[in-house]
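Scrolling down, you'll hit the structures one after another.
In what comes next, subunit A is part of two complexes: it sits with subunit B in the first one and with subunit C in the second one.
Let's look at the complex of A and B:
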């Protein structure tokens, strides 16, 4: 157990190390400066992966760890994007204060949505959250607030501070979003491994059983939706900083479905799985687009069906299930080989 | 002070439009094991669920140590010191044995304090301490479900069909464990297996069609073959 923990820690550190040197490795292989050309393009690709990874992980806390299916998770992502955009562009706030406001607003919003919708469960909860997200989607599109939100055109040209500009300071933005993803992962892991996380998992297994053990399950579901909402809102804020805009699509159903796909492809209830799912969706989408042009979503649909058929628990879930069997098989084969060489 | 820990007085419970309990009354004395007997569908499980607040009665009263508890949510009733072991080995399958037990702590250190007692009752749990509950055998899962109710300092345990679907040798282990537990707490036991209930209980109540029809000392019931045949269909 201890060995396995150490090896997974080691694998994580290797991955982080790889991501830290990645821009310079691309620069070395292409012969182009790290701040421009192909290295800059790939930094942009991974920046989007890091942001989506946090968003997917936030969905996993809700669905994978607490068993709450939401069709309106885009609500938090989109609100985060619009909040930081409006505060930077119209209120002239500094970045730190704006990010703090994103957190505070996400907490308030999660608590309100949770209190109003968590009294129902299953598909009813999903429908209520969908209604909330659609309400905010319509608000973002409404022409009455055009001067604040940009209505259907979205909030354009968000003034991102020069030191973190995704266009001129791409490498710095890359490291900031990498750090953001790592910090969010460590925080999420802390939550799911805590006694509160155990109660969340108990609710996922059987809410009535958790109640008869003395747990006020609504409180724990509120904690889950708040943690998840804050993470999603911060991901949305970074998404707005990256794109320099926030448009109504970030509040749309498509954004929630994206989170759902990333979580299912990567592996529900594993944190690292949805992060991997974000990478798969972003990079696979890019390569399919390069090779097959505009018909790539159709092919992606086929790939998605194949993944669900052959990896029913997602990439990480299936790996965990089979790794024990594979490990035993390799041990047995190694022993057979050793026996063969000792006594041919 | 009365030695009655739980008093259920003429409760009527509905599930949807169905009138399941039509005036169930019973008393459980402190430190006793009371068996709730009856055929399938008599209302035994619904009685436990009503006491626990999962199917609150529409009328009648339920008192724990004199304090009314009907109408309170299940988590509050649990916090008052009522442990519930539902039928069908209600464990958390994805969590380990340790995590299942730790979830039942009401105060930090509850498990550490009672761990030795629990492991002496169910040594198998020690062996599979870090295994997921879902990987245990049926008997071990039942032991875990009972053990979970022992972690916190519960005044009353409601135990529903602990022998259901288990091999006789496992049932014997559970009988032995329940007997030891009776020295520490009060138990209201629902059990279809009359032989098991007869070994354990001090008193009994018989339910029939949602009504409590007879009660008395278990020592008397074991010789009352007419009642056993009439209401329990077991000889």
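Let's look at the complex of A and C:
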């Protein structure tokens, strides 16, 4: 058991190391400087993967660990994006305090939304959160607040500090988002492996049992929503920094569906699954777009339905279920191969 | 007495709130304005009802929250509009569907069920290959394009496939259906050969497909030559029928395998929203269409607007005089349609055997199954019924709201809110919730137009339409705070 634990740790460290040297590897292969051209483009791709990975992971804390199906997760992501955008652009705050404000607002928002919508459970919760997210989407589109939110055009050209600007200082932005994703992953792992996280999983498995055991399940569900909401809001804030804008689409249903897709494809109930799913979706979306043009969302939807039908545990879940069998099979095959060579 | 009040405090509070609101509204608006707001609210409420009733029935009976209900609404609108303005697309695809179904049904008469189950997977692959080969190069989008002329939208002169090729494709799909049907039944023990008189179905369907194939052009002309009222009725029937067929197919193929994994059902329906919207965009284009009103609701002239409903029956004016303000007669039709459907479903639920099974299933599905009733078949039927109602609503909404791929989403959201307000699984709740949301939207729209002046304000406040749309969420939040299960929902 200890052996496997270290091996997965090694895999994680290798992955991080690979991502750290990745820009230079691309630059080496293409012969272009790290700061421009193809390496810069791929840094951009991975920056989006990192941001979406945090978003998907936050979604899985709710869905995979606490068993709460929310269809309004875009609410937190979008509010984070708008908060940082408005504070930087209209209030002229500096980046640090704006990020702090994002966290505070996300905590307040998730507590309010959680208290209101946790009065219902199951699919009702999904519907209610969808309605809340849609309300914020409509408010973001409303022309009444044009001077603050920019209505349907969204917040354009958010003034990101020059030292972290995604256009001129892309490499630095790359490392900042990479660090952000790693830190968020470690934090989420702490939460999930803590006693609180265990209670969340107990609620997922059987809420009545958790209640009977004496846990005040509402509190733990609120904690899950708040943790998840803060992470999603930070991801949204970074998304706004990366795009230099925040438009109503970040609050739309599409954003939630994106998180859902990444979680399902990567594997529900694990932290690394949704992060992998984010990578798969981002890259698959890119390639499908290149090969099939504007009709790629259709293929995407079909792939998604097939995965839900036939691969319900996603990549990581299926790997965990089957890897022992696969490994045993390969070991057996290699052994018989060796036997064959030894005694032909 | 006190106990009586306590037991009905929800009802009493509701009545008091309604009276207070009515007093405020009548002080704010003059009667004729109020009448049009109420009628607009009823119109929207009727449309919402067509969506919520299906949602609520489906959820009550099988605990499936159908996120694709709005998409079915939208697809219904597109099917109805296509029959109304450009039947070519339907005439060119209907034979394919008929032939495939005929082949599928025919497979049961052939001795396939004796094949070993191991052949199943290769047979599926062959069926898909044959099917893809049969429709290879068949383009839907040109068939769907229309041109705007003075008489409304007309089909453009795009080349249809020649008859020979078309019939070959139809037969190819029949063969694909046959193989798929065979793959479906082999290895299942209880596949027995049905009675011979049922053989009429596949043969009849195939014959119909082959008859339509050469008559495509003349049938198109024949449909377009019908007067607009008949075409409109046909569109309502076709939209509802197409929606019901899609709904039934959806339940049978995608929802049914997942009854053991409830959350995944919701996820599949969410994926269908994605696929359905993209499919519609791919066939009909991302832009919107406008559906002409049929002649019953579009006459203009010196005698218009009609002074009352009876007079409208004779002069078919586009609007009817309501307390001195013209109100579109088509919206009255939508209200009537909503009421008719409400009565129809209520009668179905109350007085028929199917309704009895549905009501029993909502209370305790396992018990109904234990009593020897094929609940699965009832599930498919109810899913088809709900989808058909939503699609009917879509066709009815098309001339009033226009058609676009985003049509479903807005309705979906408001219908969800209505269902949460009314209480999941309650038919009355669905109706009341739809009505409340419809009225709220109508008042919201009026406030957007004229602004709102509350007693302590010196100047009227104005809003943008988005805020009026978002305001229904507030009503939902309020209801959730007071009654988490909705107004008519069962307590958990």
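Here is the rule we go by: the second predicted complex is superposed on the first by the 322 of 344 C-alpha atoms of A that agree within 3 Å, B and C clash if a C-alpha of one lies under 4 Å from a C-alpha of the other, contacts with A are read in each partner's own complex, and residues count from 1 in each chain.
To be clear about the criterion, a residue touches a chain if its C-beta (ideal position, glycine included) is under 8 Å from a C-beta of that chain, and two chains touch if they have at least 3 such contacts.
All of these numbers come straight from a predicted model, not from anything done at the bench.
In the superposed pair of complexes, A:304 makes contact with subunit C only, with no contact to subunit B.
Contact with subunit B, but none with subunit C, is seen for A:209 once the two complexes are overlaid on the shared chain. Of the two partner chains placed by superposition, A:21 touches none, neither subunit B nor subunit C. By the touch criterion defined above, A:134 lies against subunit C but remains apart from subunit B after alignment on the C-alpha atoms of chain A.
In the superposed model, A:199 makes contact with subunit B only, not with subunit C. In the superposed model, A:321 lies in contact with neither subunit B nor subunit C.
In the superposed model, A:253 lies in contact with subunit C only, and not with subunit B. Within the superposed three-chain model, A:69 lies in touch with subunit C and out of touch with subunit B [touch as defined at top]. Once both structures are placed on chain A, no subunit A residue is touched by subunit B and, in the other complex, by subunit C. Taken in their complex, subunit A has these residues touching subunit B: 1, 195, 198-199, 201-202, 204-206, 208-217. Per the touch definition, subunit B reaches subunit A in the complex via residues 52, 54, 73-75, 78-79, 84, 86, 90-95, 99, 102-104, 106, 130, 148, 152. Residues 59, 63, 65, 254, 257-258, 261, 263-264, 266-268, 270-272, 274-275, 278-279, 282, 409, 413, 416-417, 419-420, 424, 463-464, 466-467, 469-470, 473-474, 476-477, 480-481, 484-485, 492 of subunit C are the ones that touch subunit A when the two sit in their complex.
Only residues 69, 71, 116-117, 119-121, 123-124, 126-128, 130-132, 134-135, 138-139, 141-144, 253, 257, 260, 264, 295, 297-298, 300-302, 304-305, 308-309, 312 of subunit A touch subunit C when the two sit together in their complex.
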